[in-house]
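Once you scroll down, you'll see the structures, which are given as C-alpha cells.
Both of the next two complexes hold chain A, though its partner changes from chain B to chain C.
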Partner chain A sequence: MKFDKRAGDILVWAFLLSAPFWLPMIGSYVELGTRVVIYALAAMALNFLLGYTGVLSFGHAAYFGLGAYGTALTIKYVYPSTPLGMLVGIVLGTLAAAVIGPMIARLRGVYFAMCTIAFGQVFYFIAFQWFSLTGGDDGVSAWHRMPLDFGFTTLDILNDNKAFYYFVVAIFGICAAAMAFLLRSPFGRTLLAIRENERRARFLGIPVDWHIWMSWVVSCFFVSIAGTLFALMNDFVDPRALRWDQSGNFVIMAVLGGMRSFWGPLIGSAIFLVLQDYISSETENWMSFIGLFFVLVVLFFPRGVLGIIRRKATS
Partner chain B sequence: MSLLQVKNVSKHFGSLIAVNDISMTVAPGELRAIIGPNGAGKTTFFNLITGFFTPTSGNIFFEDQDVTDLLPARRVWRGMARTFQVTEVFPELSVRENLRIAVEVAAGLRLRPWLSEADNGNIQSRVSELIDMGGLGGKADRQVGELAHGDQRSCEIMMALALKPRLLLLDEPTAGMGDQETYEITQLIRRLHKDSKLTIVLIEHDMRVVFHLADRIMVLDQGKFLADGTPPEIAANKAVQTAYLGQAA
Partner chain C sequence: MTQLVLFNVFNGLIIGAFYALMALGLSLILNLSGVINFAHGGFLAIGGYLAYTLIPYLGFWGALIASPILTAFIGILIERVLIRRLYGRDPLYSLLLTFGLAFMIEDGTRFIWGAQSLPFQIPSWLSRPLSYQYFFLTGYRVFMVLLVTAAVGGLFLILNYTRLGVRIRAGTLDLETVSVLGVNVRVLRNLNFGLGIYLAGLAGVLASGMLGLQPTVGDNLIMPSFIAIIVGGLGSLPGTLVGGILIGVVSGVTTVFLPSASEAVMYVMMAAVLIVRPRGLLGEEGRF
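On to the complex of A and B.
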C-alpha cells in the first residue's frame, strides 16, 4: 500500500483544528496545544535547512529569540499592537540572519554548526547584559499581547485562549503552506540537490553557497515568526528564549519526529512537549528521560517517529 | 578557432607536482581522449579545466575567454559540463527528479519559487527526451541510488547533457563497468559525438574504448606531457609504449 500524502495532510489538520475540543477531555489544556504548534513551526523552519538543504544549525534560537524580543519590546515601549510587534520581531530576526549568513554559508558540517552556536550565543549575551533595554536575566515583562482589531470585528486573543490557539494555528498554516510551496519549486529542488550531493550541484551550475544563504534566511524568517508567537504566548520573554539549549530543542524535535518528513518536526514537537509536561510534574530531571527517548529513536529509527510510520505504510 | 585552449598549466600540491606544464588545444566537434598510467595527473588536469582546482600557473581559455580563475558553477554557465570518475548523482531522488533539477538550472529557473504551466510543460518534455536518450525509460521513477552502476552513469551523463554544454568532459565514463555496460556507454558517447557534433574530452583507461572513439589522444605520464596525436600515431609511439609497458618492452 502506498502512503497517501494527502491523507497525512488531512489527518494533521483534523488534529490541529479539533485540538482545543479534545485536549481538555484527555486531561490536558489548550495552552499545551498552542506551545506544541509554536515549537512545531520553529522545528519545521529549522528542518527547512536541516532536512531539505542538509545543513545543521545549532543557533536558530538566536533568531527565534530576536523575533520574541522584537515583539515584546515594540509592544511594551513603542506601540501596543500585536501585528506591529510581530512585524518588528520578524524583520529583526530575518535581518540579523541575512547579515550573519554570508559569514557562515561557506562553512560545512560541524564548522557550520559551531559557528551558528557562536553567533547565537552573541545574541544571548547581548540580551543578558543589556539590562536597560532587555531587563537582563529578568526578561521583558509587564506587557501583554493585544486583541486583534480587524475593523469589522475583533479577535480577543488576549483573554480567549481558544482564539489565541486558532490565531497561532492560522499563522502556522500559512507558514507551513509557504514552506511546502517553496520546497516544490525549482528553488526548493536546488536545495534538495545540495543536500543530496553538493559536488554534483556545483557542477550543474548551482552557486551552492548562495543557495545555502537563501535557505538559511528563509529558515530564520520562519523561526523568527515562531519566536514572535512565543513571546505573545507568554506575554513575557527572557534570555532563555535565545540560549543554545533552545536551539538544541529545535534540533531534537526535528530529528525525533523525522527530518525527512514534512510534518516530522510537528510530531517531534508534540512528543517532546507532552513528555516534558507529564514528566516534569513528576521529577525535575525530565530532560534525562527525553534524552533517553531521543537516543533510542536515533539508534533504532534514524528517520524519526514519522519515518517508522511511513515505512510501515509503504511496505 | 579552438573551443578549449589550455596553456602551460601546472598544479603543485606542496612538493608534489601533479600536473607539470601541460598545454592542449581542442577544436570544436573534436573528441579528445586523455590517457596515461596511474598517477599521470589526468584527473588533476581535468579538475583544473573544470575549476575544481585552480592551477598554480598557466591559463585556460574557453571560447577564447580566460576562465582560469572562474568558479565551477560559472564555467558551467559558459557551457562546460562534466561527469566524475565516481558517479555523482542525487542518490535519494528519482531519475526524473535528478534530470529535472539539471533541466531547470539549465533553463535559468533555479531561483524561481514557482513555474508557469508553459515552463512546466517544456521542462517535462525535455526531461522525457533525456530519459529516452539515456535509455532510462523503464527506470525513470526509481531512486537513482538503487539502479545498476551503468544506469547511474547514464543518468549522470544525461544530467550533464541537460545543461546543453558546448564542451562535455567525461572522467573515466566506463570505470567499473562490465562489457555490456561499457559497450552501451561507448555507443552513447559515439552518438553524442557523431550525431550531435558535441565536443568531448574524456579520460579513459579502457584502450578499446579510447581507440574506438577518439579523434585525437593526448598521453600524460607522471604529470608531464608525453605525446599527442591520432590513434594510429599514438599506437606506434615508442615513448608511449615504454611508459605503459615499462623499459623492458
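On to the complex of A and C.
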C-alpha cells in the first residue's frame, strides 16, 4: 500500500471538520476536540524545530505560556477584545524567543536542550512571583474571551462551543498551511539540510546559526499562537501553562505521532490527550501512568505512529 | 548591614553547596553517558524519604549512611533496566525517559508517603543555634557544609586516585578508546550512574533536614543545578562545583538587596555566561 500524501491531508481535514458532530456521539465532548487541535498546533510548531531542523528544545512551554499570559492580561486589564489579546500574546512570545535565540543558537544537542529548559523556567518564576500582575499561583482569572465582531456579522465564540472549535480549527489551518509553505520554501529546505548534515551545510556557506535562530523564532511564533488559543479556551491561565512538564508534553506528542511527518504531532496530541482525559477521570495517580506512558513510548514507539505506518508501507 | 550580608553569604554558601552536590551528580551522568537526568530531583526525594523511614530503626547517622546507598542501588537498577537501552541514540529519548521517570517517582513517593509535608528528625544537638549573639545559625547548617565538603572531597579523591575514577574521567574524554582498551563500558556507565545518584540521595537526606519532606522537594533544586552546570561549563566537574557555589552565594547576596530577584539573578548569570563565554567558566572549547 502506498501512503498517498494528498489522501492523508484530505483524511485529516475530514476528521477535523466533522469532529464536533461525531465527538458527542462516541461519548466525548467538543472541548476535548478543541484541546486536541490547540495542543496539536503547539506540537507541530515544536516539530518545526525538532523534526525538521533537528534541534531539541525542551522549553517551548515558556512561549506557549507567554502567549497565554499576554492574551489573558490584555483582555483583563487593557481592552476586552479577543484579536487584540491574541496579537499581544503572539508578539510577547515571539519577542521573548527572538531575544533568547542568539544566546542558544550556537549550542547543540544536550547543551541546547538544557539551556532551553533553564530559560523556559525564567518565565515560570516571573509568572509565579510577580503576584500583583499575574496573581502568582492562582493565575489570571475573572476574564473571558469576547465574541468576534467582523463588522457585518459576529461569531459568538464565547457561548457557542462549536463556533469556538471552528475558530480554533481555522487558525490551526492557517498556521499549518504557513508551516507547510515554509518547509517547502528554500528556507525550509535549508533547515532540512542542516538537520541531515550540519557540517556539510556549513561548508556550503549556509549561515547555520542564523537559520537555527530563525527556525527557533518561527517555531516559538506558532507555539505562542497555540498559547493564546489555550488561554481563550480556558478563560483562565496559571503558571502551570508554562512549566517544564508542559514542554515535555509537547515533545512526547511530537515523538508519539512521528517526528518526521507533518501531521504526526496532531495524531500524537489526539492520543495523548484522550488518554490523559481517560486516566485522570479513572485514577488519582494519573501522573504515574503518564510517566509510564512516556517510558513506554520511548522504549517501544520511538518512531511514532506515522513512522511505523510509513515503514510498514515501504517494506 | 555587614552582618546581614555575611549571614546571607553563608546562607548562599549552604544553598550553593546543595546545588553543587546535585549538579555534580547530574554532571557525572551527563559527561559519561550524555543523559540529562531529569529524574535527579526524584532521586533526591527518594533519598530523603528512605532516610525518614530508616531513622526509627537505624537512627539519624545510620540513615545518613544507608539511605544514599539504597538510593544509588535503585538508580543502578533503573539504569540497567531502562536507561541503558537508550545510549547512542538521540539525547531526545533519554531526556523523555527520565522525564517520565520524574513523574513516576514524584507520584510514587506521594502514593507511599502521602502528599503532606513530613517532619524530619535531626539530632537535637545539631538543631540548636550555635550562637545567639551574632546571627542565627544552627549547628545543622554548619554540619551540612562540612558534610558536603567531605562528600565533594571524597568524590574528587575517587575520581583522581581509584581505578574506577580514572576510567570515568578517561571515558568522559574518549569513550571509544577506553572501550578498546578493555574496559567494560556498560559496567562503567552503570557504576557512574550509581555514583551520581548516590550524591542525589545524600543531598536528599540533608535537604530534608533543612526543608522538611514533600514529594516535590527536588523540584526547586533541579533548575539551579542545571544552571550550575551551564555556568560552570559542560564537561567540567570542577566547573560544576564552582558554578553551584557561585550561583548560591550570588543569589544569597541578592536576597539582601532585592529579595524578589534572588531567583532571577541565577538566570541573568546564565545568560551572561552564554553571551560572553558559551562554553561556561571552566568548560572545554568545542565540546558541545
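Please note the rule applied: the second predicted complex is superposed on the first by the 308 of 315 C-alpha atoms of A that agree within 3 Å, B and C clash if a C-alpha of one lies under 4 Å from a C-alpha of the other, contacts with A are read in each partner's own complex, and residues count from 1 in each chain.
By our rule, a contact is a pair of C-beta atoms (placed from the backbone, for glycine too) under 8 Å apart; a residue touches a chain by one contact, two chains touch by 3 or more.
The structure presented is a predicted model; accordingly, all values stated were derived computationally and were not measured.
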| item | value |
| --- | --- |
| Side-by-side fit of chain B and chain C on chain A, or clash | fit |
| Partner chain in contact with A:193 - chain B first, chain C second, else both or neither | first |
| From chain A, separation angle of chain B and chain C (C-alpha centres, steps of 10 degrees) | 80 |
| Partner chain(s) touched by A:271 [first = chain B, second = chain C, both, neither] | neither |
| Partner chain in contact with A:108 - chain B first, chain C second, else both or neither | second |
| Partner chain in contact with A:168 - chain B first, chain C second, else both or neither | neither |
| Broader residue contact with chain A after superposition on the shared chain, chain B or chain C | C |
| Touched partner set for A:117, first chain B, second chain C, both or neither | second |
| Touched partner set for A:285, first chain B, second chain C, both or neither | second |
| Least Cα gap, in Å, left between chain B and chain C after the two complexes are fitted on chain A | 11 |
| Chain C-contacting residues of chain A that also contact chain B | none |
| Residue numbers on chain B that touch chain A, as the complex places them | 50, 71-73, 76-77, 81-82, 84, 88-93, 97, 100-102, 104-106, 109-115, 156, 159, 163 |
| Parts of chain A lying in touch with chain B, wherever the complex brings them together | 181-182, 185-187, 189-190, 192-193, 196-197, 199-200, 202-208, 211 |
| Interfacial residue positions of chain A with respect to chain C in the complex | 50, 56, 58, 103-104, 106-111, 113-115, 117-119, 121-122, 125-126, 129, 245, 248, 251-252, 255, 285, 287-288, 290-295, 297-299, 302 |
| In the complex with chain A, residue positions of chain C that touch it | 30, 34, 36, 82, 85-86, 89-93, 95-97, 99-108, 111, 223, 226-227, 229-230, 234, 260, 263-264, 267, 270-271, 274-275, 278, 288 |
